[in-house]
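In what comes next, subunit A is part of two complexes: it sits with subunit B in the first one and with subunit C in the second one.
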Partner chain A sequence: MSAIDLNNLNIAYSSVQVVHGASLTVNEGESFALVGESGSGKSTILKAICGLNDEWTGEIKLYGEKVDPRNRADISRISQMVFQDPYGSLHPRKTVDTTLSEPLAIHGIKDNGDRVVEMLNAVGLDQRYRFRFPHQMSGGQRQRVAIARALMLKPKLLLLDEPTSALDVSVQAEILNLLKQLRKDQNLTFLLVTHDLPVVSFLCDRLAVMKKGKIVEIATRDQLAKGEFNDAYSQELYHASKHEHVA
Partner chain B sequence: MSNMTEWLLSDSPTSKGQAFAGRAWRMWLSLLGNPLAITGLIIVVVLVLMAAFAPLIAPYSPIGQDLQNRLLPPSWQHWMGTDELGRDIFSRVVYGSRLTLMIVLLVAAISAPLGLVIGAISGYFGGWVDKVMMGITDIFLSMPKLIMALAFVAALGPGIENAIIAIAITAWPAYARIARAETLTFRNAEFIDAIKLQGASPARIIINHVLPLCTSSMIVRVTLDMAGIILTAAGLGFLGLGAQPPLPEWGAMISRGRAFILDQWWVATMPGFAIIVVSLGFCFLGDGLRDILDPKNEGKS
Partner chain C sequence: MSQKLLEIEDLRVTFPTHQGDVEVVKGISFDLGRERLAIVGESGSGKSMTGRSILKLIRSPGRVTANKFIFDGIDLNKQSERQMRKLRGARISMVMQDPKFSLNPVLTIKDQIAEALRTHQKLTRKELDEKVLHMLDQVRINDPARVAKLYPHEVSGGMGQRIMIAMMLIPEPDLLIADEPTSALDVSVQAQVLDLIDNLIQENGMGLILISHDLNLVANYADRVLIMNSGEIVEQCNASELHKATHPYTQGLLNAMPRIDETRDELPTLDRTQWAAT
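Presenting the complex of A and B:
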């Protein structure tokens, strides 16, 4: 079964159309990437899937169920999101413990903090961070908390919005390894938005290249490794990223 | 003691209580480092103690008349002198602190939560909810405070309860504006998006996640406004629309003393002095609180 089906998805902010007829399928258990320059509409697609933006037409199916933008069922236990900026995605006045317990409280799940302890272990955070405030932690630690929060409700699908681009290079590697490990342990499906092709080749099975709101090509990791893209823009993006690494 | 401090300042607290106690302790420490704020705090604490123990502190009854001893200048018998009915002014000022404190606390307790909730709802939902609620707020905001309070008191009848209601009704729009402005700064923040994605209802988001972030600026603003509330209450009292005789309300006392201000200056000056000191106290405290509660300072101190 496919985890995400997008069919002719159009997204517009007021009168400006940002995404034009995007269609793609993400299989269950797969790790899929959306790549493209900033402004190409990749984050917008992510927001439409998770429900932060309801201004779209077309069809979104999650695990075979159609999503109705006007009458959204609660999909919080199916899909969760990790945001780009770990400094902005944690409530500044809440301890790690409160942040992580909140999803359980919302869904009325009784738990004596076992799940919090378990998730802190899973994301490799020591228990002494449990009652800290966000300002008492580093960016990487915060992003681990954000990942733990996304996994509290045991979702099957994780939407990742440039989860490492706000972090130091060394911390980026840690977070990427953590994500890879978690995906293996918990059988997660990933939909990752990034502009960083090395991240894609490390973490993803397939990728869609976006340009100006259109999906220009869907390629596999092998194609990415060999640089065998069919579309001229994908080639350009590939060479630009190669160049970046030489420099 | 050092164990206690260590426990409070631990960077890896072991319980929720310790985490919050630690944060409160850090704020207390930075408050201690601000002499003006401490001055304000001492004045406010003295006011509270004075109100609580008024019968023990005041040497005379605040309403007992003694016509033999009217309009006496300050002396060892009557520290602040006596008024036109021979009542001891010091005792009246001490008992008056109860009225002042009651007015300030009741106004804050009515108007701050009201403004907070209206502002947060308005800012969070936006759109037509925001337009309607802010329209109403603007109507109230556009009327001068004292005039509006006067109109209410005129309609409801003079008296201290009505003065409190009138001041509260004129005070909340400013708080609604602040709460809305605060809410707008983080309604699109990712931590609010994250909590939405977890399936939280708007009520839960506003109460648990939006309001806690508005409260610190609200506390600061309310503390700073307390001086204004005291002055408005005194103004109403002065005009004879607040506390009624023989209640020892400071504004009303000044009003009575006005008749003798040239020959018996102490009758009007002593309660006026009390108003100034308490207003200043709240201003200093509010200023200090602004420094330590400012979210931009969070984690730096």
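Presenting the complex of A and C:
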């Protein structure tokens, strides 16, 4: 079964159309990347999928069921989002424990904090971080909390919006390893938005290249590794990433 | 490099805390000609503090000391705040990390860029407008006339950064300090912006200090590289020889990056305890 089906998805913000007829299928358990420049509509697609924006026409199906943007609770049990900026996406005056418990409270799940302990372990954070505030942690640790929060409701699909672009390379490596491990352990499906092709190569099976709101090409990781793109724009993107690599 | 643009010897930046003074830059020395120098390191390595201290932008209670601190024959140690203001922007300018916090939210793009120019030069309004539009065009903004009228919240992060670069390059300074100038940009645009900075530097014979955590980027856009870790320069090399770097910290950084034809199952991470003691 496919995890995500987008069929002729059009998204507009007031009068400006941002995404033009996007169609793609992400299989269950797959890790799929959306790449493209800023303003190409990749994050917009992510927001539409998780119900943060309901100004769209066309069809979005998650695990075979049509998404109804008015029913956010259902969507958020299936799919969760991790945002780019770990400094901006955590509430500064709430402890890690409160942040992680909130999704459970909203969905009326009774739990004695076991899930919080479990998720902290899963993302490789020591229990002593449980009652800390975001400002008492580093960027990498905060991103771990954001990932833990996304996993609290046991979603099957994780939407990742540039999860490592705000982090140092060595911390990025840790978070990428963590995401890869979590995907294996919990059998998650990833939809990753990024403009970093090497990250795609490490974490994803397939990618869609977007330009000005349109999907111009869908390629596999092998094609990416060899630079075998058909579309001129994908080629350009590939060369821009390729030429700035040292080793 | 016969003519030195910047000479720094034993630069230290300290901040007082309840636990005593913390030194974030621990006595570094380097020279800069009209060349491209990169300072690489992770967050907290002191690279941005080094950049800021050149402009004397470290606010009290932070302290900057140096045995030798000379920019183009001017002793920066002896400059008053008022004299520094004449240097900043006109002779040395700095591109900051985050356009969201570095642009004035209540000025239009045009007014903001014009302000950078007006502070240092007398120009008629028509000349100003022309220069601003030309600069916006140079940083590859598609519709300069439209964008010039926008406010910072109306442009994307990538555009904001290009606007800031336009603002910093328009007075044609001698030394440009670029603190993570492209970390908010797309790869394709990154190359364009760096090429642009590169062109301007070569045309005007400027010096560049490129502060970045991105080793790949640095390898392509700098002549020399200083690698910093916890306030010290751990290694210096030519950018072309970066892959031959020997220090374990540099190697750790190089290895931690995913490659475009990645085959490793897990990325090696830095063992921070290894040199924390040194």
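Keep in mind that, in the parts below, the second predicted complex is superposed on the first by the 240 of 247 C-alpha atoms of A that agree within 3 Å, B and C clash if a C-alpha of one lies under 4 Å from a C-alpha of the other, contacts with A are read in each partner's own complex, and residues count from 1 in each chain.
In this section, contacts are C-beta pairs under 8 Å (C-beta built on N, C-alpha and C of every residue); 3 or more make two chains touch, one makes a residue touch a chain.
This structure is a prediction, so every number in the text was calculated from the model and none was measured.
After superposition on subunit A, the partners subunit B and subunit C are accommodated together without colliding.
Of the two partner chains placed around the shared chain by superposition, neither subunit B nor subunit C is touched by A:Ala122. Applying the stated contact rule after C-alpha superposition, one finds that A:Ala12 touches neither subunit B nor subunit C.
In the superposition on chain A, A:Asp74 makes contact with subunit B only, while subunit C stays out of contact range.
When the two structures are aligned on the shared chain, A:Asp97 is found in touch with subunit B, with no touch to subunit C.
By the touch criterion defined above, A:Asn177 reaches subunit C but does not reach subunit B. Look at A:Phe202: by the touch rule set out above, it reaches subunit C but stays clear of subunit B. Applying the stated contact rule after C-alpha superposition, one finds that A:Ile218 touches neither subunit B nor subunit C. Applying the stated contact rule after C-alpha superposition, one finds that A:Ala146 touches subunit B and leaves subunit C untouched. Of all Cα pairs spanning subunit B and subunit C in the superposition, the closest are 10 Å apart.
Residues of subunit A that lie in the contact sets of both subunit B and subunit C are absent, per the superposition on chain A. Of all residues in subunit B, only 11-16, 18-19, 23, 189-191, 193-200, 204, 208-209, 212-213, 295, 298-299 touch subunit A in the complex they form.
Those residues of subunit C that touch subunit A in the complex are listed here as 42-43, 156-159, 183, 185-191, 213-217, 219-220, 242-243, 252-254, 256-262, 264-270. Interface residues of subunit A facing subunit B in the complex, by the touch rule stated above, are 50-52, 74, 76-77, 80-81, 83-85, 88-93, 95, 97-98, 102-103, 106-107, 128-129, 131-133, 135-136, 146, 149, 152-153.
Interface residues of subunit A, counted against subunit C in their complex, comprise 36-39, 138-139, 165, 168-174, 176-177, 180, 195-199, 201-203, 224-227, 236-238, 240-247.
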